[in-house]
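One chain, chain A, links the two complexes that follow: it is found with chain B in the first and with chain C in the second.
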Partner chain A sequence: MKKITSNWQTAFVTVIVIILAIYPMLGPSSYLKHLFILFFIWSVVANYWNLLNGYVGINSLGNIGFLAIGGYTSGILSLRFGLSPLITIPIGGLVTGLLVTLFLGFPALRLSGIYIALLTLIFADTLPSILTQTRDITGGGMGLHEIPPFFPGMEKVHAYYICFLFFLIAMLILYKVIHSKTGLAFVAMRDSESLANTLGINRYQERLKVFAISSFMTGIAGGFYVHSLGDISPTTLSIEPFLLGLAMIELGGIGTFYGPILGAGAIVFGNEFLRLAGTLRLALLGALICGVILFYPGGIMQLVEELGKRIKVMLNRKKVTE
Partner chain B sequence: MESFINAIVSGLISGSLYAAMALGLTIIYGISRIFNFGHGVIALIGAYTAWIFVQNSKIADMSLLLGILVTIAFLFLLGFLLYRYAMNPLMKKPNWDISTVLFMLGLGILLENVILQIFGPRVKSIPVFKEGYIRIGVVQINWHEIIIIFIVIIAIILLNVFFKRTRIGQAMRAVAQSIPGAQVVGIDIEKIFSYTFGLAFVVTGISGILLGTKYYMNPHIGWEWMVKGFVIVSFGGLGSTNGAIYAAIILGVVEALATLFLGAMWVWPIWFAIFMVVLLIRPQGILGGRA
Partner chain C sequence: MLKVDAINGYYADLHVIKDLSLRIEKREVVALFGPNGHGKSTLLKLLCGLQHPRSGSVYFNSEEITAYPAHKIVELGIAYIPEERNLFGDMTVMENLNLGAYNKRAHGSISQNLEFVFEVFPRLLERKNQLTSTLSGGESRMVAVARGLMSEPSLLMVDEPSIGLSPSLRNSVFEALAKINREKGITLLIVEQEIRDALSMANRVYMIKKGQILFEKPAAEVDIDEIEKAYF
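So, the complex of A and B:
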């Protein structure tokens, strides 16, 4: 984990946040607002996925499944029982965190990395058939429709601000987690497993903690997803969202804080252009993931870093010549 | 009772197919420590290559054989080159375990959609080897299924001979046991790994052809095959070849019985439940692989 708190970076982030905050007042189309809402939610999903895969080295492949559990729980509670989303979204997060930690975390986190990849992939693969089995509650293959919004009479602008706020809070929590004792324990474990063991870091416990945090927050993101978009169906668990999430992490830069956010932006807005490619879209996304891993493993963040270095060199040269 | 016995027999048949499919996975993992998340699509490539030959020829019997031979050559080359130019550079980096998983997933989806572009989404199947069936008591078996079991058994015997008797097979087993140990005695690891990928892809491709003759195939079925393969290899013990064979047969029978008594919709949740139980009780699998 590199310290990325230099002055110009803080300034840059502040400017971006301010721009995002005043953007809806400039009167963009409803479609663009919709894309931004998707971007906020996907950033959270991608970045908490990256927390597992990039920082901690837990090979999770089921984060879209976590999103679906949170979304379905919150959607069903508010649709069938008429509860307010303010209550159902946290319940969705808690249910996701509990289910995932119990069924995936406890059995697999003790074992080597490949088991968690297998288990989470198979788990996400089993969910659609469970959903069709429980048609009466979950709507089966049709999914849930007309899920109530955050509050009655909500407009796109409100959804924008609510998701924006959620995005900021989620990123703040993530930042805190990475810089907490648990986060530091992971840096220690990544750098030297044996030293970390000597220092008395309980690997299993720390991994379980991070796994619970990631699944809880992804479940919450699922709640925000259904209440701002209004429907969810088993297609959420199909190959495309899964691939989009992975592409965001890889393209942005795996194991970095800002990478998945940039990746989410690039993929959410880029995917709209990719719709022109029709059925070739998934092939292109797959090729993108392969290409980035093979030729440019640092993704966009590597590009940013290299550009930053080059600018620094240029500035230094100017000073020398003066 | 009759349906019960028939379910067990059909379970044994699909079990032997699953065994063939899981072998490719467990060979790669056992020797190179890479888990092939593009496994399903490799099997599909094998099946579709053979399908081209069957579809485009006049002499029906020879064409399948020719198709199988071409598939073998093609997939060996594919595995060999894939290791050389993609896996090998990735293996040298610190977080290779995650990057190889994600790379193979991306490649699998890429190839799946290329297949979709070339062959279209319609369901296809490879014609059976031999029509007709025989009856033994209450049990009725197709000739085709007898031939499949025969091919799987021959393949397993050939693989065993290869690993035990040939020099390169012995080198592969040495690498599977210990990479530094194999290096000390002068085995070229990269060469062994690329041959391993070639061999495993060939085995996977042949299992794909067999699956394509017994069931149907479309560009997306590879995922289903692969996930079943995952459960089988973990049940049998990651990296253990014999474990995978036993696990495949057990799971094939369980699947057939579950379909008989509970219905086909419960097959997936049951596979997942078995996987969970294995991880909780005996994560090293029935024959003890790497946990």
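So, the complex of A and C:
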């Protein structure tokens, strides 16, 4: 039975990937392509955030900070030193991974629960003031503008495919990590740390590992973000993107692989289409998220699972009557 | 193989283990009896590194391991199977088994160990892709023991393997443990309340009361009345 459902899943995912791959050829507007680019990048951010919060149970609130560090590093290096984004994006990822592991990973070894949440929140919260103090390099409150694209003369459609490819690779890596022995160890630590220890899982090592993975990939996502959009400013670190990021994980289904991707889709597109509602936009989004948490704490993935079960029951019933 | 020298262990502020010493030789099956709440489980936790004694020392193959963290002790070859809540319910049987082989020493022999585990517990082969939260009590115990074996231990410590099992299932778990000792030469330390079953496979017995060893005897010389008397 398990095989059949996983085959359906594979088929479904393949169809979606193919649709995303041919979509730009159907001539969508530049604006829609822009939304898809945001969706690709936010999916990566949300899902690597979910790796920390959902799979390991470390309540991080600082992942937008990781995105900003990666984005700024890559943006500054390409804008001020004229380096190719091909080099600056990985450097951005490495810098993010290094800073986060050093300033969050190590202190977080001794902390648990709410204290990690506070530490990571403070970490992300110090970034805007650092940015405004270093105007010469970071552009201060105005931020960085006209950051070079991936290559000169890049069009929206190129950015779409570059970010799409990044999205696929990042998700493949995450899938591999989750289904590897390391991924099992992450879940084991979340479910019972002492039991995990008696199986030979080193709490410190695994925690550093997950901080390094999550921050490196989110930093890379930051690089893709600035080179496709062309600018970044401290507003990236304001409350709205932060809440939207968390909402993607909650709405989609925390601790699931597909949940945050669905959540990112719902929030990115929902948020844009809700702009029609004017100032009510955030209130409506908030109501949606409250509803999901109240009635479907497992998010969209819970709904998907329940529908799947119902369909299975219906199919079985059909077989019996036949 | 394992030598415990006058350790004192606490459960929060409660002095549970008092100046306790014991030794376990290679390939032995040692049964640990004693009333509930007299420190049997705490002793196992002290030995596997989940808790640490405040004084005294523990030696494993003449290496002092008193202050080692749990994950390091597993790597040396001591596996501990707790009494309850000992499986990851959201994981399949196979995933639980793979986690058992997490330590570096066990990596090389995963396939051999899997083969042995499925030979001892054929039922698990049928259930290998099932979530462990859907298993019966007996099957769950089997997975817990099997996962302990996956870590390639030389000493396996099992806390009440038979708890909550029907007599026939209890028998099959004890038979499996005996087979593990016989065929793999793995030393066993078993905490048990089913005294008759445990006596039939043990070489030696420790009776623990109020955190101290009341007596130590070869299993053949133990009189069941004597043990039952010690319980009250």
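Just so we're on the same page, the second predicted complex is superposed on the first by the 302 of 322 C-alpha atoms of A that agree within 3 Å, B and C clash if a C-alpha of one lies under 4 Å from a C-alpha of the other, contacts with A are read in each partner's own complex, and residues count from 1 in each chain.
One rule holds for everything that comes next: a residue touches a chain if its C-beta (ideal position, glycine included) is under 8 Å from a C-beta of that chain, and two chains touch if they have at least 3 such contacts.
For clarity, every value in this text was computed on a predicted model and none was experimentally measured.
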Of the partners chain B and chain C, which touch A:283 in the superposed model: first, second, both, neither? first
Contacts for A:188 in the overlay, against chain B (first) and chain C (second): which applies, first, second, both or neither? second
Which holds for A:117: it touches chain B only (first), chain C only (second), both, or neither? first
Could you look at A:199 and tell me whether it touches chain B, chain C, both or neither (first, second, both, neither)? second
Quick one: classify A:102 as touching chain B (first), chain C (second), both or neither. neither
Which holds for A:246: it touches chain B only (first), chain C only (second), both, or neither? first
Which parts of chain A are in contact with chain B and also with chain C? none
Can you list the chain A residues touching chain B in their complex? 53, 57, 59, 61, 103, 106-108, 110-115, 117-119, 121-123, 125-126, 129-130, 132-133, 239, 243, 246, 250, 254-255, 279-280, 282-283, 285-290, 293-294, 297
For the chain C and chain A complex, residues of the former touching the latter: 48-50, 69-71, 74-75, 79-80, 82, 85-86, 88-91, 95, 98-100, 102-103, 106, 129, 147, 151
List the residues on chain A that touch chain C in their complex, please. 2, 181, 184-185, 187-188, 191-192, 194-195, 197-203
Footprint of chain A on chain B - complex, ascending: 29, 35, 37, 86, 89-90, 93, 95, 97-99, 101-103, 105-114, 116-117, 223, 227, 230-231, 234, 238, 265-266, 268-269, 271-272, 275-276, 279-280, 283, 290-291
